[in-house]
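Common to both upcoming complexes is chain A, partnered first by chain B, then by chain C.
Here is the complex of A and B:
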């Protein structure tokens, strides 16, 4: 019994660690722009498709380890590059102006990137190179799966690096001044446009790493991945509170544990229902999220943006 | 030092600022006053670059900066405070100053790494001095959002000074202050002038403006209606009419 609970918790935390990275990327974009980037999932899917494309074209010619590492690099770089495209196209030209227009254009670009990705690889299911031909380890009665350990390790590493970047570096502080007061940030000499772009790219990279962790665990990528990763990122972000990075980490872990518990108790069909149910409950009971300010505060902030 | 020529800003059909001229001489305290909605705040936002003018020039030390982006104006020597305090609430007091004094635009020569990833040690001594000057040394590590109102005002001024500007724009610094605090503010503004700063003071509080400024420009409905020494402006019938509704 205890073993089952610990095992479920472990599975949940591992899945949740990847959700946390998806949520952190999403929420960072929101934090600096006060805009929802609807093409977020599509940019991650694009990265995943590039990894799968690499495997399908060059898979035979490369040793396994090299293929796995290259696919990781291509996926993260692809997500970041697609992020650059989205920021320049949808958000930079409308900075300080209509938030709705920026959001709508990011929706259009979502469709565009998704179409382009499926044009690259028209099959529904595409194998994604994964490093796990190792068997799971047994620790007493607990099963330690290699992809879970990888996810936890990478996610903790990324979280620590990001925390250092945002807390200690000038760049990180500049990003945070933009969330506090864009007008004052510019008045003290911070280039809002460039800082927003760099933060957006960093967020895309974090999201890309999260996406890679999911893909190597699944060992495949489908056209649903964009929608799926955005839903997970969105729920993680909203559970924790819009714009809060610690919130997104907590939200992602919570989501993972809730899903795993639901699945252990009621079977796999309940998984998605639990995720959306948790989001619904948090929005009704604590609209600002577990860590965030109330949503209307942010609404006011959005109107004051320059 | 700063000269504004034919400056105008229209929002749709509203002529918030409608062709004003004034010139600020080095070392003086120049007041900008006017009733609510007269265009004072719009003028400040034009001078510091948050708005782009519809027409006109803003000459700073002879260079037209009307279309220079805000973040580059700081490096030229133009810093401001805000009427409704805008601190970085989620940064500490120390970090608020660090962001301003160490602004990357200031150090065009230093490497990317040093500017953006570099440590805090270079700035430590200067910031300690600035904190002592503004009586905030004991709050250095507290979040700016947790400061009392008076402390927030002092931090905002310290943040503007940290950039070592030539011209300081004070946007209604007396807003929300009581008589005692205004007296202190009066002293502090004079002290800044003594230190060689040129000051553009936008203010509602008439006594403060009349006591502290060298020259005053009066705006009404986006136009300049008077300019001169405080005494001259007070005696001007157009100014009396704008403020009191009678000639």
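Here is the complex of A and C:
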């Protein structure tokens, strides 16, 4: 019984670590732009499709290890490149203007990228190269799956790097100032356009890494991945509080644990229902998110600091 | 008229109901990603009423609209303190919950020797009331458009009324609207209920035209498309959503020219259009200019 609970928690945390990265990417974009990027999932799907395309074209010619690493690089680079396209087309021209228009525009581009990806690989299910020929390890009664360990390890590493980048560099300071208060950023001479673009690309990269972790665990990519990864990123971000990076990490982990326990208790059909239900409840009862400082209070916080 | 044309024109009409529903909320300053939920609820409710309870078609459609209104009003009341993105995401969460709950819901009865009714992910087949009552695809198409025209007329008259002006005012500047004495929270709940009713009516028509519905038809794609149609067509007039639907379904989907590339073309066009006109083709300024064009002689008389 206890073992089952610990095992479920472990599975949930591993899934949640990937959700956390998806949420962090999403929330960083929101933080600098105050806009929702609806094509976020589609750009991640595009990266995943490039990785699968590589495997289907060059799979036989490369050693397994090289293929896995190359697919990871291609996926993350693809997501970042698609992010560049989205930022230039949907967000840069509409900066400081209608937020709804930018959002609808990014939705239109979602459809565009999704259709383009399925044109690259028309099959519904496409195998994705994964490094796990290793069997699961047994630790007493617990099962440790290699993809879970990889996810946790990579997620922690990315979180540390991102923390360093945001807390200990000029660029990070600019990003944080811009997220806290665009007016303050302008007053101290931060180039908002350039900072937004770079932060957007960094966020796409983080999202791309999260997507890669999910794809190697699933060992496949389908056209549903765009919608799916956007939903997970969105829920992780909102549970933790819109615009807060530590919040998105906590939200992602919580989402993973909630889903895993829901599935263990009530079966797989309830899994998604629980995720959306939790989001709805949090929004109605505590719109600023469960943890930490939310965008709700960001302006107040920034004013106090000034 | 060919079957293809009748089907296409009926489809444009039904999707316009969801687009109008998203438009009404946009005018009131709320973005909703979840109007597909009320379209779906309306479709299920109307189908159940006419098929399982043997209600007449008109009552069934009214019941669908009422269910949509109750759903919209409930979500509107629960989220009345939320604005902007928070409201948008709450509506999305509710819509996904509705879709997933319909996936789990079974309510079947034997009718004429076979089990009829919602059957989870297998959907709800055999909603034949309209056709056993003698409606043809062509006459049903006319019914759809008569109801759509009626809905649009009500919306246009409403927008010219005092409450319509209050609604637009609350959308543009809620603080100012409150200062002018508008009860913004209540207005939002009522608008959400009205938007739910419009989507629910469209859903009832959809269920009876296709005779088959399933939860995955009412996914977020439908809702976000509806929102996009509303804003592409323009936020200045209730004709806007119809124009948005016409551009996408009428021109791009039905023409063979863009086969396989429709979304690439549509997506690119929308992105460029919105850089040029962030509030859509028929935005408020354009509508004012058009109106002036028609009323100029009167002003000088």
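Criterion: the second predicted complex is superposed on the first by the 291 of 306 C-alpha atoms of A that agree within 3 Å, B and C clash if a C-alpha of one lies under 4 Å from a C-alpha of the other, contacts with A are read in each partner's own complex, and residues count from 1 in each chain.
In the analysis below, a residue touches a chain if its C-beta (ideal position, glycine included) is under 8 Å from a C-beta of that chain, and two chains touch if they have at least 3 such contacts.
Everything numeric here is computed off the predicted structure, so don't read it as measured data.
Asker: Overlaying the two complexes on chain A, which is it for chain B and chain C: clash or fit?
Answerer: Taken together on chain A, chain C would fit alongside chain B, as the superposition shows.
Asker: Considering only C-alpha centres, what angle arises at chain A between the directions to chain B and chain C, nearest 10 degrees?
Answerer: The angle comes out at 90 degrees.
Asker: In the superposed model, which partner reaches more residues of chain A, chain B or chain C?
Answerer: After superposing on chain A, more of chain A is contacted by C.
Asker: Touch test for A:174: chain B only (first), chain C only (second), both, or neither?
Answerer: First partner only.
Asker: Between chain B (first) and chain C (second), which, if any, makes contact with A:98: first, second, both or neither?
Answerer: Second partner only, chain C.
Asker: After lining up the shared chain so the two structures overlap, which partner does A:224 touch, if you call chain B first and chain C second: first, second, both or neither?
Answerer: In the superposition, A:224 touches no partner, neither chain B nor chain C.
Asker: A:110 in the overlay: touching chain B, chain C, both, or neither? Say first, second, both or neither.
Answerer: After superposing on A, A:110 lies in contact with chain C but is clear of chain B.
Asker: Output check: A:279 vs chain B and chain C. Expected answer is one of first, second, both, neither. What do you get?
Answerer: After superposing on A, A:279 lies in contact with chain C but is clear of chain B.
Asker: Give one of first, second, both or neither to describe whether A:161 is in contact with chain B, with chain C, with both, or with none.
Answerer: A:161: touches no partner chain.
Asker: Measuring by CA atoms in the overlay, how small does the chain B-chain C distance get, in Å?
Answerer: 12
Asker: Touching chain A in the complex: which residues of chain C?
Answerer: It comes out as residues 26, 31, 78-79, 81-82, 84-86, 88-90, 92-94, 96-97, 100-101, 103-104, 220-221, 224, 227-228, 231-232, 260-264, 266-271, 274-275, 278-279.
Asker: For the complex, which residues does chain A have touching chain C?
Answerer: Listed in rising order, the residues are 36, 38, 89-90, 93-94, 97-105, 107-116, 119, 227, 231, 234, 238, 242, 269, 272-273, 276-277, 279-280, 283-284, 287.
Asker: Along chain B, where are the residues that touch chain A in the complex?
Answerer: 48-50, 69-72, 74-75, 79-80, 82, 86-91, 95, 98-100, 102-106, 115-118, 159, 163
Asker: Which stretch or stretches of chain A touch chain B in the complex?
Answerer: Those in contact with chain B are residues 169-171, 173-174, 176-177, 179-181, 183-192, 306.
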